[in-house]
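Each chain carries a letter (A, B, C and D) given by its place in the written order, and its residues are counted from 1.
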């Protein structure tokens, strides 16, 4: 800790008395506001994170190598490899609040059971065959599926197939690291045989996966979401329906050519996790989303299609599996365009997760639309 | 108004002075508590309504006759015929708070557009071919479908087929009559052609009928339910799923052999209407539900199967379409049994609606289970 | 029950077939909508209640006579005499949802302990010396004090002085009578000596009666209001403060010359009782409130001052203690004027209670201001 | 960023292939979970902050020197000097989420008007004479007063006396710094004369400072707290009342000899600021609070009296004005004892603020009592 007296219009004159005062401050573990206010209280958020893009091809290749070299088991717990935002001090933090990692499981492997207060989800951009067992309920994982994993639930993974499988883990690890809220416990070392099955639908889906219907056996159930899998077939259909309604002239989309759904807790309609929002966006070929800036940060993964994304002053051409981050208050927009390997008809499907529920719970959410309209 | 002095242990002595006091009370429009307390403040609810059963066959036959004789149009508004609880003073009130009616529409007929603060729903026990247009969104009606119609939305009906069709209307008319909250407005006299279509799914279903997914275009949407139809195929599957989970040994049902779902607002998880709860119950052949008594009243309709229902001290054998009421604090249970016309394999499917959201909002809900356990 | 076929533009033709249909309806306990819709679904609320005024002088005189003649004790429970709206069928209902009564207790008398689900309050327009013991906590009652008595709490009264005392009881008896939610239990026959004291402040006031401060010992406390007395000195000062702020040019009042406070649950800020709202209004000499119509009904008592009140098409000159009712959707306004017995400087203080929380909980509240602006 | 392969039971074997994999990870900005899990996902919170004590005498002396040397004005905005937890990297953060500073204003000085999203409060441990003007409403500050300053409200300070004055500022600056939610705007350069007055009570207190009473003119008012000052006389009386009730044998305190109140939003009963909880605790001479550990961190200031406080494995003797921090999950207890300068009769009054509302909003709150009972 070292306080520096600098000559500046809004700073006190640099005098020996000031220098002595600063030394005394240091001695007593004190820091004045007037030297720090520009950093601590900026006119608007200036993120310490930067926009960055990770290519799926590279990620998957390195995860595959890790599959060869690094065993998965108790202690390390998961073969997960996290995105490290280049300006966040070499920590495995995609943004100041969000963790994003690729997880990789070899044929027949188990990732051991544990639980933690960190809220998590899985999202499957390719492959099939792994299930996650949550509180004794095996949940299959297939391309496009979104699996929330609310904090403090026991969970393990198993790859029941002959192929390796990779997927994306999203968690609020940085948020709980900064707020210092984390608890962790090891679970059973072996998953019993009756849980080592892969049903077509988990029990949670059979109880809670019917639109607008809630089981009476579970009315006292409180958050988080009792639904453990949001299958791609429903997400895909919901997006297609919105676009069809738009074509018929009745709205339904966020903006022209841009459909989107939010993964919601069917028991409350609220976000699927207390600290993480998850959405799927579809931008039809040729359409472009209007730039928006929001407090809070997001991680996107291209689920399908190709296009161009603009984050702050960065622009990237992206394709399936690519991941990128949008720091707080950086403008974001996306355009759907045919890539080298796409057919002409496809849309750009973007999976997004963010820390929006945190900002809303603390009443810190703010949005600025490109038309100059602010939400608050 | 006539106050009577009676000789009773908890009443004041009958004297000329008391008689004069009561005359003076009458003169000033006053009534003492001590003569009324037994009626007004009983130890537990003693409903003014009685349990009663209406046979579907009779209802439908009379509705058919009304279809021949009574036109439907502006002024009368609907060819609806309401259940009148025999002890509620000859008013068209199934229970003190609930209205239940059979509505009947002839081929090609329109029921004109209007809106009212009363919350309503349609439930279809047989037939197909009518649609309800709600705020310009045509919603098809088929057997087993549940269509909520929240207060103050414009709505009309049209029978687009060559057959008459009947269904059940449920509303909170008596509640709003007693509390004096009702508003009503006439709508357009003609439904425009673009709304005179019968899509397979309404726009509301295409936006909101995907499990756990909410459209981003509608995030500011508040109650009541944006979902205008709960199709039978989903209800049926949800009940079958619960029973299958029970067979597998994991619970999922309300009690053995008794599955049930509640129709919920997908935006909030709350009841589908602010004043009306609606549920579908399935009791497997041979099973019997445990008696329960609750504050508040219900109307049941047998959707399928047959069995015996017990309401207070009444017991009836019931079959498809039969309607009956359960007054406040009367014990209710149901047993599924083969009827004269049923196949042996069927279950008893009971549609139920009640005023439970009113009691919960006012914190007046109380439940007594047969095992002596009280909820509050 | 008797259905009449009448010749009218919006009614079916009166034919023998129609007459027979109506006889068949009666036989099956059915009533058509088309003959009832005008009564059940009016364009706006048309209350079955009428505006009415009860003079305090007459009420108090009759209560005093009842004090001489009618004992208070177990069975009758309370020497309470209720206002009976002249058009509500001779029932002791001030409005369709509200009970208002004068209660009278002779020197040394006890009103025995009981509890009931009906929500209640006391308001003291004159006198002092009675206390209410609520859950073992003795609460003194003095002129201007408001004492909420949430449902299902044990309570008793005792007059510890040498003078009789009268006050007003407000309850939701009619609401719970129509919805059939009532439970009642007798309490202890004798209040123990340690509860037969009259402290200056109840324990509830000492725990919860500090502005914006909540005791940590009670953080899990849920509604209803833990504060059992709202003393006049605070109410009076709050009204005076609002008027002073208005004079200084900073608003603070409802409208010019019209200050008002709502009695709120300090643990939630919500209404003091789940089904009853209570407020104190002060209209300065010469001011007049703008007419307002609202769904739901109110009972007013003049606490102090004199003036003219307009309810629907009725106008009355009122003074201290007078009670009147405002039925649903009837316009109301009040003007403060010097009465025969008032000094020139006084304001008109009006105590009001209503069923507004019921309407808000069920989303049936609607307000129409005299400027044509509607709230919903 | 530098990944190190280490030989450990739960780590992969250190091989050239692993070393190469780690170099490739670095290249692609990736970090594995298995090397970080111990730090990121501990069994329970292990705070990066440490318990630390700052002596009021030193703080005040340095603030006084700053008053001589450092002008207050636009740019630096405030003469505020913050506590810097010794293990938080030399940043002015008392804990990972909370800012605590001494602010000092010379006679006649103005601290210029601005607003920011950070939520703030003032607490006055000694002195009088400064007012804070909030949205044009001047609020006087006196010993013991607590003044919340919710985010995004304009505010300025002025010392209207001939004496310097010091007080404590608490804010959620670190939280908003990590989550990157901050906005800031400069206000008017001069406070107009009509706001340069020192009324006995602010308008906010006159509207909202009456126990259990809310002004009807402000019913649509939403959080944050409309009450801008919580005067010491009420806090003191509330604490005394709790202790008196305890003496009478009726509880009322948190534990024997330990009274406490929470500063609450009178419009909702919730915490006074969305991200900061504030409380006043009183421990009677000789009493000791039971150790408690909680997720989330606190800052305490001794308001009066003296005693011993235990934080984690640290123990300090404290007196008036001393400040100390309790990091997440560190046990805390306090004992009231006569200090060198205290009279024998005094109690230990501790002002506390914490980030508890953040933890509760995100459902991350957890408490462990010394009796082994866990909450949540």
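Heads up, the rule we're going with is that a residue touches a chain if its C-beta (ideal position, glycine included) is under 8 Å from a C-beta of that chain, and two chains touch if they have at least 3 such contacts.
Each chain and its UniProt protein: A, B, C, D = Gentisate 1,2-dioxygenase.
Here the structure is a predicted model, which is why all the values come from computation and not from measurement.
S.K.: Quick check on the contact network: minimum steps from subunit A (Gentisate 1,2-dioxygenase) to subunit C (Gentisate 1,2-dioxygenase)?
M.R.: Shortest path length, in steps: 2.
S.K.: Let me check something: if the centre of a chain is the mean of its CA atoms, which chain is farthest from subunit D (Gentisate 1,2-dioxygenase)?
M.R.: B
S.K.: Can you check which chain pair, C-D or A-D, has more C-beta pairs in contact?
M.R.: Most C-beta pairs in contact, of the two: A-D.
S.K.: Using mean CA coordinates as chain centres, what's the gap between subunit B (Gentisate 1,2-dioxygenase) and subunit D (Gentisate 1,2-dioxygenase) in Å?
M.R.: Here subunit B (Gentisate 1,2-dioxygenase) and subunit D (Gentisate 1,2-dioxygenase) have centroids separated by 53 Å.
S.K.: What's the distance between the Cα centroids of subunit A (Gentisate 1,2-dioxygenase) and subunit D (Gentisate 1,2-dioxygenase), rounded to whole Å?
M.R.: 31
S.K.: Find the geometric centre of each of subunit C (Gentisate 1,2-dioxygenase) and subunit D (Gentisate 1,2-dioxygenase) from their Cα atoms only, then give the gap between the two centres in Å, rounded to an integer.
M.R.: About 43 Å separates the centre of subunit C (Gentisate 1,2-dioxygenase) from that of subunit D (Gentisate 1,2-dioxygenase).
S.K.: Name the graph shape formed by the protein chains and their touching pairs; answer line, ring, star, complete or other.
M.R.: Looks like a ring, each chain touching just two neighbours.
S.K.: Report the complete set of touching chain pairs.
M.R.: Pairwise, the chains that meet the contact rule are A-B, A-D, B-C, C-D.
S.K.: Give the list of subunit A (Gentisate 1,2-dioxygenase) residues in touch with subunit D (Gentisate 1,2-dioxygenase) in this complex.
M.R.: 1-2, 9-12, 15, 17-18, 21, 24-25, 28-34, 36-37, 40-49, 52, 54, 58-59, 62, 65-66, 68-71, 73-86, 90-92, 96-97, 101, 116-118, 151, 173, 175-185, 223, 274-275, 295-297, 327-329, 355, 358-359, 361-364, 366
S.K.: Using the touch rule from the top, collect the residues of subunit C (Gentisate 1,2-dioxygenase) that touch subunit D (Gentisate 1,2-dioxygenase) in their complex.
M.R.: Touch list, subunit C (Gentisate 1,2-dioxygenase) to subunit D (Gentisate 1,2-dioxygenase): 203, 206-217, 219, 225, 227, 230, 234-235, 237-238, 241-242, 244-245, 250-254, 259-269, 272, 279.
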